[in-house]
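Note that the chains take the letters A, B, C and D in the order they are written out, and that residue 1 is the start of every chain.
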Amino acid sequence: MAGSTYGDIFRITTWGESHGRGLGVVVDGCPAGITLDEHIIQHYMDRRKPGGIKYSTPRKEGDRIEIMSGVFEGRTTGTPISMMVINENQRSGDYSEIASYYRPGHADYTFDKKYGFRDYRGGGRSSGRETIGRVAGGAVALQLLKEIGIEVMAYTKQIGPVAVNVDRFSKSDILASDLYMPDGDASRKAAEYLDGMMRKQDSAGGIVECIVKGIPAGLGEPVFDKLDAGLAKAVMSIGAVKGVEIGAGFRVSAMSGSQNNDEYEMSDGDVVKRTNNSGGVTGGMSDGADIILRAAFKPTPSIAATQRTVNKNGENIEIHIKGRHDPVIVPRAVVVVEAMTGITVADMLLKNMTANLDNVRKVYCR
Amino acid sequence: MAGSTYGDIFRITTWGESHGRGLGVVVDGCPAGITLDEHIIQHYMDRRKPGGIKYSTPRKEGDRIEIMSGVFEGRTTGTPISMMVINENQRSGDYSEIASYYRPGHADYTFDKKYGFRDYRGGGRSSGRETIGRVAGGAVALQLLKEIGIEVMAYTKQIGPVAVNVDRFSKSDILASDLYMPDGDASRKAAEYLDGMMRKQDSAGGIVECIVKGIPAGLGEPVFDKLDAGLAKAVMSIGAVKGVEIGAGFRVSAMSGSQNNDEYEMSDGDVVKRTNNSGGVTGGMSDGADIILRAAFKPTPSIAATQRTVNKNGENIEIHIKGRHDPVIVPRAVVVVEAMTGITVADMLLKNMTANLDNVRKVYCR
Amino acid sequence: MAGSTYGDIFRITTWGESHGRGLGVVVDGCPAGITLDEHIIQHYMDRRKPGGIKYSTPRKEGDRIEIMSGVFEGRTTGTPISMMVINENQRSGDYSEIASYYRPGHADYTFDKKYGFRDYRGGGRSSGRETIGRVAGGAVALQLLKEIGIEVMAYTKQIGPVAVNVDRFSKSDILASDLYMPDGDASRKAAEYLDGMMRKQDSAGGIVECIVKGIPAGLGEPVFDKLDAGLAKAVMSIGAVKGVEIGAGFRVSAMSGSQNNDEYEMSDGDVVKRTNNSGGVTGGMSDGADIILRAAFKPTPSIAATQRTVNKNGENIEIHIKGRHDPVIVPRAVVVVEAMTGITVADMLLKNMTANLDNVRKVYCR
Amino acid sequence: MAGSTYGDIFRITTWGESHGRGLGVVVDGCPAGITLDEHIIQHYMDRRKPGGIKYSTPRKEGDRIEIMSGVFEGRTTGTPISMMVINENQRSGDYSEIASYYRPGHADYTFDKKYGFRDYRGGGRSSGRETIGRVAGGAVALQLLKEIGIEVMAYTKQIGPVAVNVDRFSKSDILASDLYMPDGDASRKAAEYLDGMMRKQDSAGGIVECIVKGIPAGLGEPVFDKLDAGLAKAVMSIGAVKGVEIGAGFRVSAMSGSQNNDEYEMSDGDVVKRTNNSGGVTGGMSDGADIILRAAFKPTPSIAATQRTVNKNGENIEIHIKGRHDPVIVPRAVVVVEAMTGITVADMLLKNMTANLDNVRKVYCR
């Protein structure tokens, strides 16, 4: 129950530490027959890679993904897909200082309390590099979803107090921005805000929004494994996320029922909703509208400014965390949100196949 | 994978429909030796029972819980604890109208899309009565937590725009209020707000906050099964919840790292935090501070005001939902949040027992 | 992890003790749309019921099954199917003696070591009545399999040294025999053997064989969740089973490869096997031939003859177990083997639906 | 649900194909603090390695295990332990023939039926090399068990008709024999039998017995997750196993209750059993005696002798499988049985920790 596995049918198991030999993922339960190769995965990996822009760490690793199993002649075989990235940069350097105290906002203290000791090199298992396995696994899920016509698209909605202020944009608008903010004006202001934070040796948080288009109605299970409950866990499990909301989210608390209810109407012979306050999930199941979720990310905990904490000897001390750190992790987290959403939806898609006898007959009876 | 089971070690499986023969829960994995009887469970059941106050449905069911197995001579035996409530009030009445269309904000449409048909009597499995099993199971979890000194306490933080404005209060302050709002002033204003909504044939939403005291550090698993990720799923799986946040929650997005980081200090020989923006969870594991989470509930979807929707024949129609419905479900949901939090923490507590060899030796070696 | 749940997609959770208020099962993950009512379930329940023949206990309970949820208008709804039997006969009598010592061959000692104490009334959770939930859940699985043309049929292959000696027989031949032995000659000899055992205050064991007809090729997962591995667990989990084999079973150890390999040939355009030493499972997956498995049951441990054991005070004592007990449990276990096989195959059938992209497309794309 | 994961708390996930880039395993849920390095793992790997003796394939791979994560300063950290073996020998050679037909006794046909196509190189995922991950994961489990004083020891009980005929032997007696048969006489006769089979271009099966010493009473869960049910699945999931039995096994079917029951007696203040027909498991839980299980292995399906089968065009053909194949797999499977037993017992050991409140208090309360 150490929780390094996520998903029930479409299932990923991740492993690896920041400064160990490498990091990776095993994807089990991916249907056979899906087109896959290393270029497809690498495309997603590059979006989480550090070093691309000035607001992320300079450690320039290639983070080249290798597919070790489960793909034959360009297609998934139905057996486990093992993928990994070898750490090129694992010279352990001098970690004696970091080993001796608990950094505020980091998992140093909680790791020690749980396990009795920790791999302190670069954060070990609680490093942001842990997301390598999530993104590689997510890339496979997103390939599967594409086969059924489902598209997942995340972007930076907000950095610090600066929010995106446009409604219509495409995936390429997102990718065109260094900060993955599809709004030139907001993107510039956010960059200025980050520059200010860097000058103050401080850091910033933000909000990522994720949209799922083309999802059939009925995905998600009605009680504990609701689609939104699964998404909430998936996204909250990303380090630094402190809040998750679907559709109108926290705003529903002050709305009236007549404002919040999404009315149904017929459109070209289909049942559709006039509004989408539900964010595409009603009663825990997809209702045919786009899924819309948002995640709040806390500011990077590693800051150069002076902080108070305690050391292993139980003494109060002052620290200055060395090295250069991302002043904001939100842009690099966008693809991680996309990945975790993709895995969750793929898993729900496969689970839903056994919901009724008609589906069972479609597969087994001619 | 129909998702009627929640938890890995401490695990509940719920069953039942609003107007079937009854509803219940099987709790598996509860350690042997915990004091338990029907009065303890009933105490929690009564907090979710309808009919107690004017803002909830008049259906006056006893909702008397029966323990069918797993308890012997006043203590849990380690075998499954089956509990149930017989529906006293299951005269099916006339559901032909409700069967013929899709109510906005309800799961009618999504159930039909998933399963091909639905038990339409009173919402069937998507009724609020589904929480009976959650609360009974949660009561067992809360008994287990009490043995280790962990206390869970939820309350109504906000109804519509009216929020609680006091910081210090006890469980009895919460229980003293019809709306479970431990702030006399806010409680009165919320009641007035609800009266207004009822006059307008409309409904209200709100926010529940839940606090866990006395939790040891180190609970929660560092990657996918983070304590906060588990809580997010648990609470988002409650019908009508559209957002979940921990500690500073969505506010972190606009905070700086130096504002948000909780610094450590020594206090009476223990490591403690000076602030609790993390809401008691750092790196996915409990950090020794109180856990604080909030859930946003949407307004009751059943409203008497005219609504547009479609019927089974694919025609656009107007409806007026009959019967009396709660103008707000938040007060009755308070104990449900407490229950789901209790189950999640109990499960994490048991999972954490196997985290290190010292714990294994404490159990098996003398 | 208390293990009262079995199955991954088609999943049962059982509860109840021999002399508690009742026993039952929750079936989750059964597809919607399957014809079901209490008569169908009761038909299976009656085959495990005591009191039918002279070789079983005289306790004449009706063991009437009640469906509490998950069925609407004669069909499964896709939501959990809760079923239970109320214990009519739970006057606890005098258990002070049985509470004070450990019966050889029973779980008294192991229960105490695990949990610290036990519900000693009539064996509590380790009573043969625990199979009530298995049989009721199995009946649902067998209904699902019937929809796809899969039939499961178990029978008494051997009692003590007396084995069935015919190859061709039908389900009605099995049901015609009190001992569920479809061989008149063997049935008579087995009855005589049992009479002898009863005179000696002793008991007998035996073997149950189970055959699955009409199973499509490809069910079962190739590594840990092999079809035969799943069946082995399912059947070994039935109290009193000490061995499980598939096809040629233990005989393979002395066969040569050329004897044991099943050759393929074309028959009416289909690939079939010339022999079935594999028992219908090759490489962990169904190969299209009948599945054939056998389970060895130990003799009833409750015997009237004098036995030595120890009591709770740590003293060596001699005991004579009172009351009338089945001299053999095999005939009543036949339907339990059928049930556990049915659940396993149903679960594998549903799991296999997501094995390849073609199946996913059959469900989601037109 | 593709079933490449085994275990609930102590959990392994394996990946890899015979002629892909490599094979490996991720162990999740291993407690922190256990001494581990590559030499310990390699010691087990070498026992399953081909090429050591004349009765196994000449492919002389080093099969060198690498630990990629989860171990720091010589101890497990509590995070996932990823281990792998790179395939040195993956030149794909000419597989066009093997790709075109279904080998009797192999999973070629069933793989195609399940997934629509298969990685046909060297058996792909159904190759014996799949056990690499099992053995590496098992080695970790066996290290954990050693910490609690539990030892697992498997050996070749029988090859073809030749059985071991001694009762007392040590692990070094087993390892001294090329065939892992701790009986010089039987070992010689088995070697002669195998020579005969090789001359006839045929193959042999056999039986492996596994003994677990030092196991505390109470491990295993009383209903579906019985210790023996778990062992049955674990061992039956090894390719080529067709039967599993515990203790007296299939012999119980012809024994009487008075013969089979294990009586209890006091010995030095402890409760012990006078006999061990139960094979150390009573009511699904360990009873304090040695666990004894046996697995029947079928003869190697790859034989050089002429066999009939069908090809992909649906034609009946005759084949002669080329290359040199092990005439018996039993000796190399001994360590695999040990590994799967170790994983199962380790998982049950960790699960049992939460069985009662006393254990919970031992960990959390001082």
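Following the convention adopted for this analysis, a residue touches a chain if its C-beta (ideal position, glycine included) is under 8 Å from a C-beta of that chain, and two chains touch if they have at least 3 such contacts.
The model shown is predicted, which means the values in this text are computed figures rather than measured ones.
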Pair of chains joined by more contacts [C-beta pairs], A-D or A-C: A-D
Identity of the chain that, by mean CA position, is farthest from chain C: A
Separation of chain C from chain D, taking each centre as the mean of its C-alpha atoms, in whole Å: 26
Computed distance of Cα centres, chain C from chain A, in Å: 44
Separation of mean Cα positions, chain D and chain A [Å, integer]: 38
Per-residue multi-chain contacts in chain B, two or more chains: 1-5, 8-9, 14, 29, 32-33, 78-79, 114-116, 125, 216, 222, 351, 354-356, 358
Footprint of chain D on chain A - complex, ascending: 1-5, 8-9, 11, 13-17, 20-24, 26, 28-30, 32-33, 66-70, 72, 75, 77-82, 84, 114-119, 124-125
Touching residues on chain A, where the partner in the complex is chain B: 1-6, 8-9, 14, 102, 104-107, 109-111, 113-116, 125-126, 130, 158, 160-161, 197, 200, 202-207, 216-226, 228-237, 239, 242-266, 269, 271, 274, 277-279, 282-288, 296-303, 305, 307-310, 314-316, 351-352, 354-356, 358
Chain D partner contacts - residues on chain B that touch it in the complex: 1, 8-9, 29, 31-34, 78-79, 144, 147-148, 216, 222, 349-351, 353-365
